[in-house]
Amino acid sequence: MNFFLNNNAAVMEKTEGGGSDGFQDRQTSALAPSLRVEGIKKSYGNLKVLEDVSLELNPKEFVSVLGPSGCGKSTLFHIIAGLDLPDAGHIFVEEDEVTGRTGRVSYHQQKDLLLPWKRTIDNAALPLRISGVSRRRARERARELFPVFGLEGFEQSYPSELSGGMRQRAALLRTYLFSRRIVLLDEPFGALDAITRGQMHEWLCSVLRDLEPAALLVTHDIDEAILLSDRIYILSPRPASVMGDVDLPGRRGIHRREALESGELRGIKDRITRLLSQGDNDGKNSAL
Amino acid sequence: MNFFLNNNAAVMEKTEGGGSDGFQDRQTSALAPSLRVEGIKKSYGNLKVLEDVSLELNPKEFVSVLGPSGCGKSTLFHIIAGLDLPDAGHIFVEEDEVTGRTGRVSYHQQKDLLLPWKRTIDNAALPLRISGVSRRRARERARELFPVFGLEGFEQSYPSELSGGMRQRAALLRTYLFSRRIVLLDEPFGALDAITRGQMHEWLCSVLRDLEPAALLVTHDIDEAILLSDRIYILSPRPASVMGDVDLPGRRGIHRREALESGELRGIKDRITRLLSQGDNDGKNSAL
Amino acid sequence: GRSEKEATGSLEPFTVVLDWVPNTNHTGVYTAIEKGYYREAGLEVDVVQPSESGTEMLIASGNGDVGFSHQEYVTYARTAKEPLPIKAVAAIIQHNTSGFATLPDRNIDSPKDFEGKTYGGWGTELEDAFIKAVMDKVGGDFSKVEIVNVGTTDFFGSFRQGIDFRWIFYGWDGIRAEVKDRELEYFPLIEVDPRLDYYTPVLIASESTLENRPGRLRRFLEATSRGYEFAVDNPRQAAGHLLAHADQIDPEHARASQEYLAEQYIADAPRWGVMKEEVWETFGGFMYEYGLLASRLDAQEAFTNEFLPEQ
Amino acid sequence: MIVGLQRTSRALFTALVLGALFGLWELLVQSGVIPAFILPAPSGVLLTAVNSFSRIAPHMLITLAAVGYGIASAFAAALVTALLMHRFRSVRIVLYPLLVISQTVPLIVLAPLFILWFGFGILPKVLVVILVCFFPIAVNTLEGLDSTDRDITDLFASMGAGGLRILFSAKLPAALPHLFSGLKIAATYSMIGAVIGEWLGGTKGLGVYMVRAQKAFAIDQVFAAILYISAISISLLLLVLFLQRLIMPWHKEARL
Amino acid sequence: MIVGLQRTSRALFTALVLGALFGLWELLVQSGVIPAFILPAPSGVLLTAVNSFSRIAPHMLITLAAVGYGIASAFAAALVTALLMHRFRSVRIVLYPLLVISQTVPLIVLAPLFILWFGFGILPKVLVVILVCFFPIAVNTLEGLDSTDRDITDLFASMGAGGLRILFSAKLPAALPHLFSGLKIAATYSMIGAVIGEWLGGTKGLGVYMVRAQKAFAIDQVFAAILYISAISISLLLLVLFLQRLIMPWHKEARL
């Protein structure tokens, strides 16, 4: 982890876009929201997946979405990213309607989706190539980040030669190189071990501090949500609707780990757990 | 979770094999070990994956294996299950050498591996079919467990119609129906949300109490390891070797969650975290 | 009309393999079927059609009892590296009625004008030899002729694709042109070189048939010769017999061709089918001279009149 | 409903464009730009096809019989061969090169040899059909068996399943999509195989009918026969597709 | 090292079994069980093949030219067609049925028509080769493009890639294994196509050579020609395999 801190300068230098005009506090949420999701409904055939989901993400805010497995979180993200059309409802990015339009948000999907025909370095450099950077330049940029993501020495490997966790880190590196002012993260740390996960958390916090994007994270780890977020939305079981949201006090990030571990945030954790279980007890669905 | 407790009777009735002669304490570990892994080495081409791994699992004991992503945990399990041959070393089950022999342990793999051409119920019933149970009887047995695993109503669905979490639960149900006296679990709860995961933990504890198998669990969630285990092995980064093991005090399971949440086990958690990070600081590998 | 089939049980099956699709060369066989001559001879005749002329091989290997072939193929077959055990047993037509044909607009007045023109054929070396032979006669240069394998492409179709002359049976393609009122320049082979007056087509049988089942073959040839004799006398009716078995043929074409061939089946021979050793010797010599054969042909091995009806 | 409509309008569009193409062809022939003896007008072909149905039908039945026996035997033989090649390295090593070589020998040369060896019955035709159909089914099935996800076979093995059980319960179902790809190819080409078999020698069948028509310059009848051959081939293809949908309901992508 | 040894011993085994098969064949012919005019002995065929190489070679070059032009044009046309069919629903709807129908028309009937329409030059032969090769390449490539993982195209889309970029950077590479499957089929059958084309009409080429040999009952020369045809077909197949290994190094399963 010391590694990270040492490398922050390098990371910062390489990030593109996103006004990094110093650290600002969360008061910015008073401005117009970065992302507004309004009354989204979606069914697959007879299966109602999203009932009526509305949420907001303010500039520079980090918001998590918790919900039972299969409730429709990935579906919601797909719709926000413009990859799927909702049956009803609208998506606004910085007050523009973008329902069904892609490219406005950076989307890290649940699967790693590395291209089997590209070496790891070219997989990572993909977003740069798409935005028109030359192959040489794109590779250079990507290569510099390989040590940071613990992938040094695997630049020339094909994805099939990496372990699950390494693939996920390569995918994260790719997302990092496609930074937008709004970032959607769908269980980005699912396959990582506890230590790496912890390190990724810290790294994410430092990146966020530099880039200051607005971020929406899907996770099934309550601790992770508490650690990283300014706010947490709780979704009901399928068909999903927003059951409530929980504001987290103080600044997110490393500082909060201690609060979490010392039991200081016990009350909030209990509230989240209660909200999540409530969906179950409503008998809306027979899942555990 | 009340759900589970209510259904325990049903669950118990259905389990096969494994002498369920009442609850016994962990003293049994004085007997000959159920599983002995001796000096396993394994390389893929030039990539050394397992350096020299030895471990033991006593009857009725629940042992977790923690290690960084990509260190070789799945590889180790494959070798124990007899699906891969080690370059050196031996596997003993109840004092029989079984290196390279399959069928002696129940193995829940990291991927869900549901067969796309079978409906969920037939996927779940697969182990029964393989052990010679008639199709009708096998389906009946499996169907009874669908509510317990939160899959009621999806018996006739094909796996492609399930969400990630639902698939994992279906795979768990299948493993449940292939109970052996030794069970290997490779990140069985990876894709589950926090609530479901908690419920699966409790359910697992109750199943273990009934079946009393010896179980080896790979996880990257330290809390999970602490909650469920009698003992925890810590692996170094690749090439993996056992860096140490941690004994956990008292009885595992539900009781321990409180100890964990109240910070009572803080010391042990710190020790594990230290051991895990140590591997990193050794500079054995450039991962985060 | 077609006679009833109730007597089939006592009839011996007998297979005739054609050399081409059914045409007026085969009429005698169809007449014999239609008139019931084969039944009277105790035979149930089945007619089989191969399009690629592999008839000689089929007969040699015992697939079929009698086949339609041509003297040049029998000669080839008898002198091949691995000789085929077949013999000609009857000539269908006494004289060679084939020759080179061209369209008037190609300005070919004699075989000398083949120079610089394109010949369309079946791609055999024999054809090369024929062209060379007829050109040698009139002092033409064979090396200036372009040879093309036209495969199954039809006569007039090939002329549209740059072919200038082809080798035809007058009794079929020549008559067709007449019927269709298309003008044709025709150079009969026999007029160019008498050595080329050979038997085409002929009936062949395998040596094992000749040895082991001579009676059956005799009865077949007897009935067949009655068929051809009938066709000589009643060309219009015989055309009807052919058409009953090959309904795609233009009836007018069949009738005209039949009338032409009525003169040719027996012609100057004492009776239908007989062959002269001299013809076999001469033509065999021609083929050898033009380098088509590895060894000289022994005419005795290639044909026999022994199984033809007496009188 | 909408899907139904879309389907209808798509079929309509196809029909329109194809109609236009055939219209153009008709026009070219009618106006004499293309002489009818080179390419008959579609209307003429259709008329001939309808009129000569009763004459073609008996030939068609003969050809269909050869196709039926051929596909059935090719399927059975290919399945067994693929399973054996997959399971026994030695069988694969010997057979695979032979199979590939068999595909590089022109049918037009082999078919007459078959007749030479096996006579004029249905057998040589069935053999040609087998020769055409066996390879795609066997090779596709083998590929399917080979490419079964290693993890899935491991799963079966870890549950104590034996080699045969893994072969039939894990690999064969996993190979089904490949097997059907092979069957689709086989269905498309089986009629052609039978027709070539007949073309090169025989007493009856669509092939014989076509040679006769061609040599009699009845080009409209040749095309009428082609029409029937295409129609039957496509029906066979659709039949395979239907079977695939029936047998593999989990496979959403069953298409041509 | 061990892999190398295994390979050698495998090749040895194949050679042994094939040798035994050919030995049996030789014996059957030599002993007269099979008459040599029906099936020549392999030794004779080999001898003829060697002896007549200088006579066959010019024909071979002619045939190879047709194959070369044919495969190259079929490849280019099939690639473009597959891309168009994938991208434009209307193109697919019209072309796909036509393509399938084209496969159900016997070559043996089409080749003479091609000659009728295009003469006796190289063109009709190239067309036959195209007809044989186009379909497998186009259909396989289309299938590859269609079956590209939706998630991967979504990934590109979410990064703001346009339709063309997705087509060329995501779908085309994902379709490569399919494309090569098609090419392998095309390579296997291209020689046959050219030979059939020549068999049914032409001035030179292996097909013409074979007709001549057959009509002169030189069956050993027919078989010698078959030998060369097989050898060339298999070389073409190996060439495609080699190209696949070269172009798709990440694909471990590149096999026949």
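Lettered A, B, C, D and E in written order, each chain numbered from 1.
We take it that contacts are C-beta pairs under 8 Å (C-beta built on N, C-alpha and C of every residue); 3 or more make two chains touch, one makes a residue touch a chain.
Worth saying up front: this structure is predicted, and the values here are computed from it rather than measured.
Enquirer: Which chains sit in contact with both members of the pair chain C and chain E?
Expert: Correct list: D.
Enquirer: Hop across touching chains from chain B and tell me the fewest hops that reach chain D.
Expert: 1
Enquirer: Go through the assembly and pull out the chains touching chain C as well as chain D.
Expert: Per touch definition, common to chain C and chain D: E.
Enquirer: Mind checking chain A against chain B and telling me if their interface is mostly the same residue numbers on each side, over half, or mostly different?
Expert: same
Enquirer: Could you tell me the distance, in whole angstrom, between the mean C-alpha positions of chain B and chain E?
Expert: 51
Enquirer: As a quick test, compute the distance in whole Å between the mean CA positions of chain B and chain C.
Expert: Centres of chain B and chain C (C-alpha means) sit 85 Å apart.
Enquirer: How big is the gap, in whole Å, between where the Cα atoms of chain A centre and where those of chain B centre?
Expert: Here chain A and chain B have centroids separated by 29 Å.
Enquirer: Report the inter-centroid distance (CA atoms only) between chain A and chain C in whole Å.
Expert: Centres of chain A and chain C (C-alpha means) sit 86 Å apart.
Enquirer: Two or more other chains touching the same residue: where does that happen in chain E?
Expert: 38, 112, 116, 199
Enquirer: Could you list the positions in chain A whose residues touch two or more of the other chains?
Expert: none
Enquirer: Using the touch definition from the top, which residues of chain C touch two or more other chains?
Expert: 52, 54, 57, 61, 152, 157, 160
Enquirer: Going by the touch definition at the top, which pairs of chains touch each other?
Expert: Taking the chains two at a time, the touching pairs are A-B, A-E, B-D, C-D, C-E, D-E.
Enquirer: Tell me, which parts of chain E touch chain D in their complex?
Expert: For chain E paired with chain D, touching residues are 10, 13-14, 17-18, 38-39, 89-90, 93-94, 96-98, 100-101, 103-109, 112-113, 116-117, 146-147, 188-189, 191-192, 195-196, 199, 210, 222, 226, 229-230, 233-234, 237, 253, 255-256.
Enquirer: Which residues of chain E touch chain C in their complex?
Expert: Answer in residue numbers: 35-38, 40, 111-112, 115-116, 118-120, 198-203, 208, 211-212, 214-220.
Enquirer: Once bound in the complex, which stretches of chain A touch chain B?
Expert: Residue positions touching the partner: 1, 3-4, 66-70, 74, 110, 147-150, 152-153, 162-166, 168-169, 187, 190-197, 199-200, 203, 220-223, 261-263, 266, 273, 276-277, 280, 285-288.
Enquirer: Which residues, counting only chain E, touch chain A once they are in their complex?
Expert: So the residues of chain E touching chain A come out as 149, 151-152, 154-161, 165, 169-170, 173-174, 176, 248-252.
Enquirer: Could you pull out which chain A residues touch chain E in their complex?
Expert: It comes out as residues 78, 81-83, 102-103, 105-107, 109, 111, 113, 115-119, 126-127, 129-131, 158, 160, 178.
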